[in-house]
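Can you keep this structure in mind? I'll have questions shortly.
Residue numbering begins at 1 within each chain, and the chains themselves are lettered A, B, C, D, E and F in the order written.
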Amino acid sequence: MSNLKYNFIGCDKPYEESDIVIFGAPYDGTASFRAGSRFAPDAVRLVSDAIETYSPYADVDIEEDFNICDAGNVEFSFGNRELALSEINKKAYEIINDDKKFLCIGGEHLVSLPLVQAVKEKYEDLVIIHLDAHADLRDDYLGEKLSHATVMRRVSELVGIENIFQFGIRSGTRDEFNLMRDANTLDREISSVISVIENKPVYLTLDVDILDPSIMPGTGTPEAGGWTFVRILNFINSIRGLNIVSADVVEIAPDYDLSGNSSVTGAKLCREVLALL
Amino acid sequence: MSNLKYNFIGCDKPYEESDIVIFGAPYDGTASFRAGSRFAPDAVRLVSDAIETYSPYADVDIEEDFNICDAGNVEFSFGNRELALSEINKKAYEIINDDKKFLCIGGEHLVSLPLVQAVKEKYEDLVIIHLDAHADLRDDYLGEKLSHATVMRRVSELVGIENIFQFGIRSGTRDEFNLMRDANTLDREISSVISVIENKPVYLTLDVDILDPSIMPGTGTPEAGGWTFVRILNFINSIRGLNIVSADVVEIAPDYDLSGNSSVTGAKLCREVLALL
Amino acid sequence: MSNLKYNFIGCDKPYEESDIVIFGAPYDGTASFRAGSRFAPDAVRLVSDAIETYSPYADVDIEEDFNICDAGNVEFSFGNRELALSEINKKAYEIINDDKKFLCIGGEHLVSLPLVQAVKEKYEDLVIIHLDAHADLRDDYLGEKLSHATVMRRVSELVGIENIFQFGIRSGTRDEFNLMRDANTLDREISSVISVIENKPVYLTLDVDILDPSIMPGTGTPEAGGWTFVRILNFINSIRGLNIVSADVVEIAPDYDLSGNSSVTGAKLCREVLALL
Amino acid sequence: MSNLKYNFIGCDKPYEESDIVIFGAPYDGTASFRAGSRFAPDAVRLVSDAIETYSPYADVDIEEDFNICDAGNVEFSFGNRELALSEINKKAYEIINDDKKFLCIGGEHLVSLPLVQAVKEKYEDLVIIHLDAHADLRDDYLGEKLSHATVMRRVSELVGIENIFQFGIRSGTRDEFNLMRDANTLDREISSVISVIENKPVYLTLDVDILDPSIMPGTGTPEAGGWTFVRILNFINSIRGLNIVSADVVEIAPDYDLSGNSSVTGAKLCREVLALL
Amino acid sequence: MSNLKYNFIGCDKPYEESDIVIFGAPYDGTASFRAGSRFAPDAVRLVSDAIETYSPYADVDIEEDFNICDAGNVEFSFGNRELALSEINKKAYEIINDDKKFLCIGGEHLVSLPLVQAVKEKYEDLVIIHLDAHADLRDDYLGEKLSHATVMRRVSELVGIENIFQFGIRSGTRDEFNLMRDANTLDREISSVISVIENKPVYLTLDVDILDPSIMPGTGTPEAGGWTFVRILNFINSIRGLNIVSADVVEIAPDYDLSGNSSVTGAKLCREVLALL
Amino acid sequence: MSNLKYNFIGCDKPYEESDIVIFGAPYDGTASFRAGSRFAPDAVRLVSDAIETYSPYADVDIEEDFNICDAGNVEFSFGNRELALSEINKKAYEIINDDKKFLCIGGEHLVSLPLVQAVKEKYEDLVIIHLDAHADLRDDYLGEKLSHATVMRRVSELVGIENIFQFGIRSGTRDEFNLMRDANTLDREISSVISVIENKPVYLTLDVDILDPSIMPGTGTPEAGGWTFVRILNFINSIRGLNIVSADVVEIAPDYDLSGNSSVTGAKLCREVLALL
């Protein structure tokens, strides 16, 4: 009799029959400015009814054309960073080892580290596409090695900085910008990126603050001068041929957008990333 | 593998094994000032994690001591008032006829009409306890017979005005106040009410605007000078001996309280009403 | 002695001496996600003092160069969809039959149906220009024929789908997009549109969610990836030669933009549409 | 044909036939913490539809039982304090000299000064009842003699401090509290106040921050520990026998209460003060 | 030339000459519902200009009558719970060992643990007065021993549960309430509390959610049915004779009260606690 | 021991050793629509931690590469326009006469008048670059000569209208636009502007409402159709060779952007202007 349901729109297949699994990683413990991305997975699911399952950009209906399961959120108590990361890693590992892809909704950007660790175990030659306003390449942040501001440095130690392609970054220290210039990670021509990557497995990590704060006001560290939504749609379209094996969408902080629109826009972004997987 | 769940806290028993069923009736089509109570059932469920299942007021744990099912929301399209009311009536009727009690989360106050109709079918001598800031006794509102401003007039035609006991009302036309004075429905001594009702079946309809807008800012028609939360707790305690057969909690409009606190307070109110059933 | 006034800025001529009439149609009863467009006409009038009567884009001062009356809002009770639509139709019919043009501020998009019906009575060969994020071409929505999600389907039955020109649409079902592709209604070159329409009477229906939610956060169903304000100004300029006989601006939901800016932007949009009439 | 209206609910009589005139004085230029009370008169009118014209507390219907005109707002440009005060004084003087009473909606508390000046011209032995959280008795504020923080000191120079009766004050400097203790102005027994005042003409100035900020969050200088709404209703009732010749309600700052409830509560307060005049 | 200052109002004495030190502990890492109390110390300081330095309740001016230093915030990176707690402990220890008292503004309630540890080192027979809506007596919370939900259990292990006096608690598990009943910690008569404590050193920990959410909407875990502000003023007054050696005010979450009033009310509460030290 | 600090990020040098001084002018007394820019200097400082001191656009680190002092706010009471302007003028004059440059954070646009007066005393042949949505060229506004709507007219009387270069203006009366067309002040080619100005001293006045309200919702008079943040970055870059002697950034109204993002964006804008000085 009950019609109680709560999955992301169109993601209602059983886990066993699914090719893609969407799940939430509501950890925001190292956020240095504003926390609250912990509420993103639930907020995005709740408003996902406001968008369609059909993407006119990809001509794909994620409900009709795909088999996607919504596996809920990873659970952990707040305050214990190491435990939270390990639980997130476990969930991602499980999905990858069942030969499925995942889309993880963060949470802050640090959740990408255990996610990449899980994917890297299976895909030796993993390449990272990193969309963000911030470099996230500090070696430590106020003494801490594990932080949303150091996450891409840790990821680079896992996969090699030559395997990271960064887009949209417009904030960082002079050291971080020098590092990006030296390693040539930043805003390379998309055609050259594609020819370098070829058919290597790609992990896409999408920090929503790559978007201009006008479009995504609900985020932890807003940074003016960002991409329009149309630009990110075009970017997603331009990499459609790549072998993307999993992805995350992080740093939506719903409580800082009182219109609720950041969650709706986040849901649309998730739909487009699902259509890419 | 999934831990996807979304029920009101502690209300996770299967329908068949439940004595009480909680469900949502997200209709707000006749709201004359501000709409938005349609979002109440989902908003209340989502934040219900912020309260405990244990009520220190009633010394009851709704999860451990009761068997409660969360049956989700009645579904209907917006714009067709008659159809929405009939779907809500059907759901209530089904539960009542399975010998269960219900707590319905509105939605605007008009949803109480189809709910009372369903309960009245089974309980011939039904009595209504009506908590509200507004009399809701107009015969019509701008020509309409079915409105949140006329709902108690329609209910009185079903059960007889002598079977309605109203509390907290502080807004209405002169005609409505004259009617309440003539019929002696308003703010009677609780002990006299109990001795009149005895063990007759009671339906409790609780419009949250009985509370002062300071406590429940997220409501459609705020009316200053209302009850404190402690006062409503005391009231609930004072009628604990009555034979309450079902209830509703209506007119929470979450979007008008940007702190989210109205939903949390609404969840606590629902827990206390569940502990009363 | 009283200086009490409340009209849209610059629209203070008596009805009899006016060529254009602005009025509000505060109906939002079928809104499926967020209601609240009922508050748009009053909110837009109240903040219209924050803009000038002079449009530098059109080099027109709507107060000095035009005779415009603000006829207030159509009145009806909420909850009775058919009655509300019929009252809106009556008001539009009256204005059209007094040989005036109107600009109606919604309300939700369904109000365009009775407006188009009124205009169509006088202008047999009416053509529709439809600016929107959503196709609104469903045949029914959850069983309902009259809904903000079906309004353009109903309009197409009145005027013929070949007489509808749609712009900005980026959300719909696969069926709706197939219909638009088959009928070639979507995003046609403006010069070709002009040469097809010639001097036929044109009705302009402008759902503000055509704008990106960053620019118009206060709307019922925000859809990322929309037009900038400059783009809509350019569009308005490009159709200035057409014979536009009336227009509506719908789906502003002021309560979802707490800065109040959506109302101010809505007022500016109304001024530019008035300058077009 | 137009139904355009915008007066405070029930205040729609022509000026000539009215006994009471309501008008707005939207000046907030000396607000030291938060400005915005300039928006109060319009905001209160706009939501006044959400309350009834009938007061169950006074058993009075302000539309049926009284003749009240809404004379709109005093107009002036911002930045010129002296001119604004003089325009407000002129309006009040005009009403008083037409043998009417007024209720002025502020604006900040400084507007009470020109209002009292106008009333004092006619009523030589004027007495002031002052409801407020703040003493407002500084001789100057950062060097300024005319400020919302000095207004009652200026008023005391007009009417004599022995003719001021203050209630609810819980914030001030040590000097201000010493002054109030010496002059015995504060929180005197209501019965003793009545027997002192007898039938002298009374001006009531009501700074809404006397209410607890929970009830009136939208105010310039919130001060916790204030009156409940019920308490102010009781106070109003207790002075119903006095000869109140005019009144003001000041310091509502609508933009700081995003629920809009402060304006609705302000409207109810105005209705109760009107029922007292 | 610079007038740049930023201390809590009236707390501008040099550290060496001060008897009382106010400082911030912006840690909110274990918040289970809403984070954001990290912003409290700065938000409270910034609005403290809106209150006076003079308390009419205590007849004390904290600037004129006391020597108070504002020592700024303890600094640490987010994400490392143990390090943050140890830094907070170090700061408190330093102040206590310089024979001063402190008032610490949290942060979440877990910061009370390192604060009590520092005070207990000096004051062997320390007694705790605990004002809160929540028992905070769980042994662990989702497996974690150090959490805002377990903090008073940890404190009880330090000082003995017989030395804890709790007030205002209205939320907890059945186990927590049983523990409080067995140990008789809850809501004891204030006179009996005073006669038990005598002149023992007292630490006051004040979780602002003891207040009703209407008064303090900006808090992490709102719980309806709380104290009024007047009640807490009375409570503070009733314990004025005790030997209070230090205190904290925790769990203000400014971002959840968009009016900013929770910060102003928090500032007033801090002033009253300072006047008590 | 104290780490209490509150300067704009990276602006922590002593006044004597500084080349550039940042200070606040929190005056908003003539704001005709919404006030609140008085809160901008403090709000911008408080969130400036959320941006980096390094600008990747200019390859400049304002902390490492520059010597900048934050001199706090000019202090004055509200309500006395002439006194406030004179205090602001005095502060600017002092800095200019110490052979330093300043960046003043408003306040409303009228503060530019005393700032320009101070700079003009030293730099006889001063040229003004004016970025704004509004012409601000009225001769008087509701009779007032000194207003945020007349400020550039007053400035033109100081420096000559031929020395004013305006960009981004999209709102004004017909008279104002005629004046701008006649004097050719508006939106001239940047290369021609540079060749006209040559090495004359330039004052830059930046009203943030030149930005689209989507990017800067927190402003007094939002005007749709504005510049993107990228466009203003490009503009700043294009004038990097000019001899800019001082600047202001005005009209940020933090309370109208509840996400806080307008303040963060304002901080970034200030950093880019500092990097230009």
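Keep in mind that, in the parts below, a contact is a pair of C-beta atoms (placed from the backbone, for glycine too) under 8 Å apart; a residue touches a chain by one contact, two chains touch by 3 or more.
Because the structure is predicted, anything quoted here is derived from the model rather than measured.
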item: Contact-richer chain pair [A-C vs A-B]; value: A-C
item: Between chain E and chain B, distance of the C-alpha-averaged centres to the nearest whole Å; value: 38
item: Intercentroid distance (Cα basis), chain F paired with chain D, Å; value: 38
item: Junction residues of chain A - those touching two or more other chains; value: 34, 75, 212, 214-215, 256, 258
item: Pairs of chains satisfying the touch condition; value: A-B, A-C, A-E, A-F, B-C, B-D, B-E, C-D, C-F, D-E, D-F, E-F
item: Chain B-touching residues of chain A, taken from the complex the two chains share; value: 1-7, 15, 42, 46, 69-73, 75, 94, 258
item: Contact set on chain F toward chain A in their complex; value: 49-52, 54, 56-57, 61, 64, 212, 214-215, 228-230, 233, 258-261, 264-265, 268-269
item: Residues of chain F defined as touching chain C within the complex; value: 33-34, 170-174, 177, 212-215, 217-218, 221-226, 256-258
item: Sites on chain A touched by chain E in the complex; value: 28-32, 34-36, 38, 75-81, 83, 110, 141-144, 146-147, 255-256, 258
